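Let me begin by handing over the structure; questions about it come next.
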Amino acid sequence: MFFWKKAKGERSKAKGLDRLSTSLEINVKWLKSNLFADDDTIVYRHFRTKEPQARQCVLIHADNMTKHEFLSDYIVRPMMSSSLPKELQGRRLIQHITEQVIQSDGVAVFTDYNKLAEGVVAGSGAVLVEGCNHGISVDAQGWERRSVTEPQTESVVRGPRQGFTEDLLVNVSLVRRKILNPALKVKILDVGLQTRTKVAIVYVEGIASKELVDEVFQRIERIETDAILESGYIEEFIRDSPNCPFPTIGHTERPDGVAGKILEGRVAVLVDGTPFALTMPYLLVEAFQANEDYYHHWIAASFHRTLRYISFFLTTSTPGLYLALVTHHPQLIPVNLSVSIAAARKNVPFPAIVEVMVMGLVFEILREGGVRLPKPVGQAISIVGAIVLGDAAVSASLVSAPMIIVVGITGVAGFVVSKLNDTAVLIRILLVVTSAILGIYGFLFGIMGIMIQLASMESFGVPYLSSLTSLTIQGSKDTIVRLPWWRMVLRPRHLAAKNRERLQRKSRSKTK
Amino acid sequence: MINESVPERQGAALVFLFIIGNSFVFGLARWAGRDLWLSFLVAIVLALPLILVYGRLDTLMHGQSFSEGLHRLFGKWPSRLVALIYSFYAWRLGCLVTGNITNFVQAVSLPDTPQVVMASAYAILVLWAVKEGIEVLARFSSVMVIFVLLILLTALALATTEVDLQEFFPILYDGFWPVFQGAFQLLDFPFLETVLLVGLANALTTKKNSAYKVLIPGFLLAAFFLMLVASASVAILGEEMYKITFFPVFLAIARIDIALFLTRLEVVVGVTFAIGGFLKISVCLLVASKNLAHALGFPDYRFLVTPLVLSIIPGSQWFAKSVMEMNLGATKIAAFTDVMVQIVLPMIFWGVAEIRMSRVRKNKAGKPSGI
Amino acid sequence: MKKGLARIFLLCTMTIVTTGCWDYTEIELRDLVMGAGVDAEDPKVIVITEMAKSIGVGQEAEFEPVVLTTDARSLTSGAHNLANPAGMEIFWAHAQVFLVSEEVARSSILQVLEPIVRARDLRSTMYLLVTKDCTVEEVFKSKPPLVDGVSRHLASVIRLSDVTTDFIPQQVWRFIGDLSSPGISGTLPGVELVHEGGALLPVVRGAAVFKLDRLIGWLSKEETQILALLKGESEGGFFVMDTEVKGNTFPITYEFRGSQFQTKPSVDGENLRMKVSLSLQLGVAGVKGADVDFSDLAVVNDIEGQVSRSFTRRIRDFLGLIQEDYNSDIVGFGQLLWRQEPAIWRKVESDWDAVFRDLPVDVDVDCRISFTGFHAQPIKVRN
């Protein structure tokens, strides 16, 4: 990959001046004509400190990125009402202001324009004082934030109603609220040459292996791209098997989901500006897990898990199997069923393979159309889909009725495992093609190919199929079934190799 | 202690599928007829010591591949010759299994599809899998073994309504000879084909002595499972039908008819055959290319995989020209090589290796400084 | 670069190898055979198939049976000849019944069985039947009252074997097993055409007795009942017997509720004997016009004795028929001997026919009435 070959220090610098001048006028002029040229949202608030030692000051901040009351109450007012000692100059004066005048917990002193500009665009207020070549940057971030609401994509019947927001620090705080333990570590990196997006790497020290954390760090640090607008950018840059449609990095909108994952030894990556956190390594079983599984009775949860596996099988395999059985092996269909399928297909002008392909395509079109449409229009789509394409097509003998059922099963089952929806579509097409060629054996070859691919995949050094391949009870406690919590004695082997016990000895049997 | 997921189990799953592989659809121990369960018991008792020898060889060659171990034992040229023999044996077995499957599929469900198409489809998958290596094969089999066990045991459970235990009587009416005939056939195919896994089993795990934990459970499970399937087939079909059909298990499962709905389950036999056969071909080709690389003196085997795998397409047609041929089983020459490869040569390796080891140990005891 | 080449090569192989769907046939282009049969017409055979022809469209689709007939030198070639008149690929795997005419069965049933077992798509789970006093073609052309198609009708009748003992169903593979096992001969259920309300109806009853691969005679419905009991295949069914209660004779209907059956060979010096002990659980299903008090144990015991004696007599008659008249071991005494006393079987194996003809059989029937319906006493009619 060529993008990280560029030296890191090549970030563009302002030409000419880069250190602050002692003259306030020059400073402001320089800012207005260079760094903040053509930017009308930058506010320059000029004021003077109290007599007798009145000094000209300016507060620079970006409009709506800051809290106005905060700036006026804790910066402008105390400065205007204090008189600065005469003997103080330059750096000592600035130190005096930060220590005794400005009433804020986040202040930093800077000496060059770039630092100033970076602070201002990130939402802090910069104070410059006449006669000083130092400036003060005060944390005053305050912009419109979406409140913490229930996530749309992962709603639960039982479980916390919190979801991540677009604000990184809020998100980190949501995770920290779940794990009140200093071992929870959060490291923040800036990624993106233009966007300088803040990216937090969150893990629990002592559970997550050192190598894994280092690996995540290295992979993220190697990213040198213009923009990180969503965590999906990072996912694509750092994931394993980038050409395989199976996800090797997970994403979630739920703080409890992230907490659960990092407590098993995973690493989470939170990105500023998106509510979707990444978790890694990501194994195949996780696509079939929902965080609600852990809140319900274990038998019910296991049942739902099983249902998801069955649904995934149905959504990927129904069209292929139908095709294989109907066109290659009618002897495997019970007599009456094959007789009625033959009757239903009698006047249909298309071969079964065309029928399967076209109906599958139509379903995907309907789904894609429905996803991004506004809700009121979306209903029209389902009416068109249900009535026009379903009923009318059968009455007109364009499509056979069994085919509609096949497409229906495929579609509905696909919604159950939503994390693998896009993967399922591709697998489905593959299986339809192989089944058309070699019947049930073609279908099997397709499945075996997928299994070889899955068996060869890894996510951050962990085999993608691990825990499905363990063949022991402790190894598969959280796969197709979920054992009760008092039986999940160990953390997953591949994730937390060194610190495995998560259940203390006395609670290993049912607590009475 | 709490059981952990250990790669030994993956290895055992691989051994299990390797032995089940292509064998279970055929009328195993056909000569023994209704006494075939006795054949199985005899064959298991006879095979166990040999499997233990394989495990011991594995342990002695710890950390090395089969051909490296040979090299250490016999030196350059003899080891190359032996590696060539094993390479050919593995390649021939791979071709046979491919031929079995293509013939089975053509005979049972896809009469118009040319066999070469099936063989090519297999070749492509096997090529992929062999290039990925033994770990991937082990993971593959540990997922598939669950499938295979689940569907076959379900099918057998459903078939219990058709089972008639009277079919096993009278016991030993025709004397012991057919039982031994059946047992020897079982030893040759499929039990002692496990010899190919020597040198592979320990690639799966870094622990010492774990070869036994891979080979023994895998072998025993597979042997008992095959016994169960074959006995159930006899009890369902009766001895005569078991003897006269090519694929008795297929026919036995086809008997199932529950409420007109749970019927026509014979497809599960095809599924198992296809999966197990695939694994067996892959292992054979892996062994063949590794040994061939050693025989020809190449340090890396990977570039040999493609030509060898592609050669099974014509090979399968050559070694299994028709259903009758593959069903009649090994010819005399094949039987001779089988005995050599499965029994005689491993015993020689074992003897030589033990003598060398004890010498090394003696030397160590005599000269504490070591060699 | 190398990898790219390998991939291109693979892609090419795949396209070359897989551009074809050799076994791809649309299901509506296959002619689904529901049942088939063979009539004899020396030196040729006539192959008859009943196929499903769909009429109507979409949701209103229905099926109509169509019977096709052809003559050929063998069953297999006849089956293939049918594709021409049918105009579609013939698909055999759904055939449920296979009918053989008596004539064919008398010459040798192997000529029919052999192609069935050999063929890939003919399932050996088909039910075999022999037509009695009619040809296969006539049976297929009859009109069953409720079900469309004779094959479906016969298949559903055969599934009644749980509640009736008029016949013993036989699948192809099991029949072959009987033919090839030592010490047992096979039977097949018979099909007759019966006039009923002006129409001809196919009825399954009785059994065709085989010796080796040839049909040698028939068993009536009642004899088949006994055979089913002796083979342990009786699971249900009713029979009527004139029973004497307190000096009066009534026809009472009994229901089979279960039977245990044991046959034991015993050797006394050079003489081989068979001991058949049968215990029957019966229910009373109906009493015609009488006041029989089943709460009176003496009455019940008396009835049980009568039924036992009646069954003993029927079994003796039946054994006489198969031992002397047919000399065909359809009960499987020889097989039993083989399984339980292999040493004796070894001695008699070579001339089992003669031994079987003269085999003394002790019959011991024990009968219990275990259920009398919901009434302990008959309905009393008073003035």
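Letters A, B and C mark the chains as written, and numbering starts fresh at 1 in each.
Here is the rule we go by: contacts are C-beta pairs under 8 Å (C-beta built on N, C-alpha and C of every residue); 3 or more make two chains touch, one makes a residue touch a chain.
All of these numbers come straight from a predicted model, not from anything done at the bench.
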Larger contact count among A-C and B-C belongs to A-C
Suppose every chain is reduced to the average of its Cα atoms; which one is closest to the average of all protein Cα atoms? B
Calculate how many whole Å lie between the centre of subunit A and the centre of subunit B, each centre taken as the average of the chain's C-alpha atoms. 46
Between subunit A and subunit C, tell me the centre distance in angstrom, where each centre is the average of that chain's C-alpha atoms. 67
Roughly how far is subunit B from subunit C, centre to centre by C-alpha average, rounded to an integer in Å? 42
What positions in subunit A touch 2 or more of the other chains? 328, 331, 335, 438-439
Residue list for subunit C, restricted to those that touch at least two other chains: 18, 20, 23, 123
Per-residue multi-chain contacts in subunit B, two or more chains: 109-110, 113, 117, 121
Can you list the residues on subunit B that touch subunit C in the complex? 107-114, 116-117, 120-121, 124, 127, 166, 169-170, 173, 237-241, 244-245, 251, 254-255, 257, 306
Could you list, by residue number, the parts of subunit C that touch subunit B in their complex? 6, 10, 13-14, 17-18, 20, 22-23, 117, 120, 123-125, 173-174, 176-177, 180-181, 338-340, 342, 345
Considering the complex alone, what residue numbers of subunit B touch subunit A? 2-6, 9-10, 12-13, 105, 109-110, 113, 117-118, 121, 125, 128-129, 132, 136-140, 142-146, 260-261, 263-264, 266-267, 270-271, 274-275, 278
What part of subunit C is in contact with subunit A in the complex they form? 18, 20-21, 23-28, 30, 32, 34, 52, 54, 56-59, 61-63, 91, 93-94, 96, 121, 123
Name, in rising order, each residue of subunit A that touches subunit B in their complex. 328-329, 331-336, 438-442, 444-445, 448-449, 451-452, 455-456, 463, 465-476, 489-490, 493
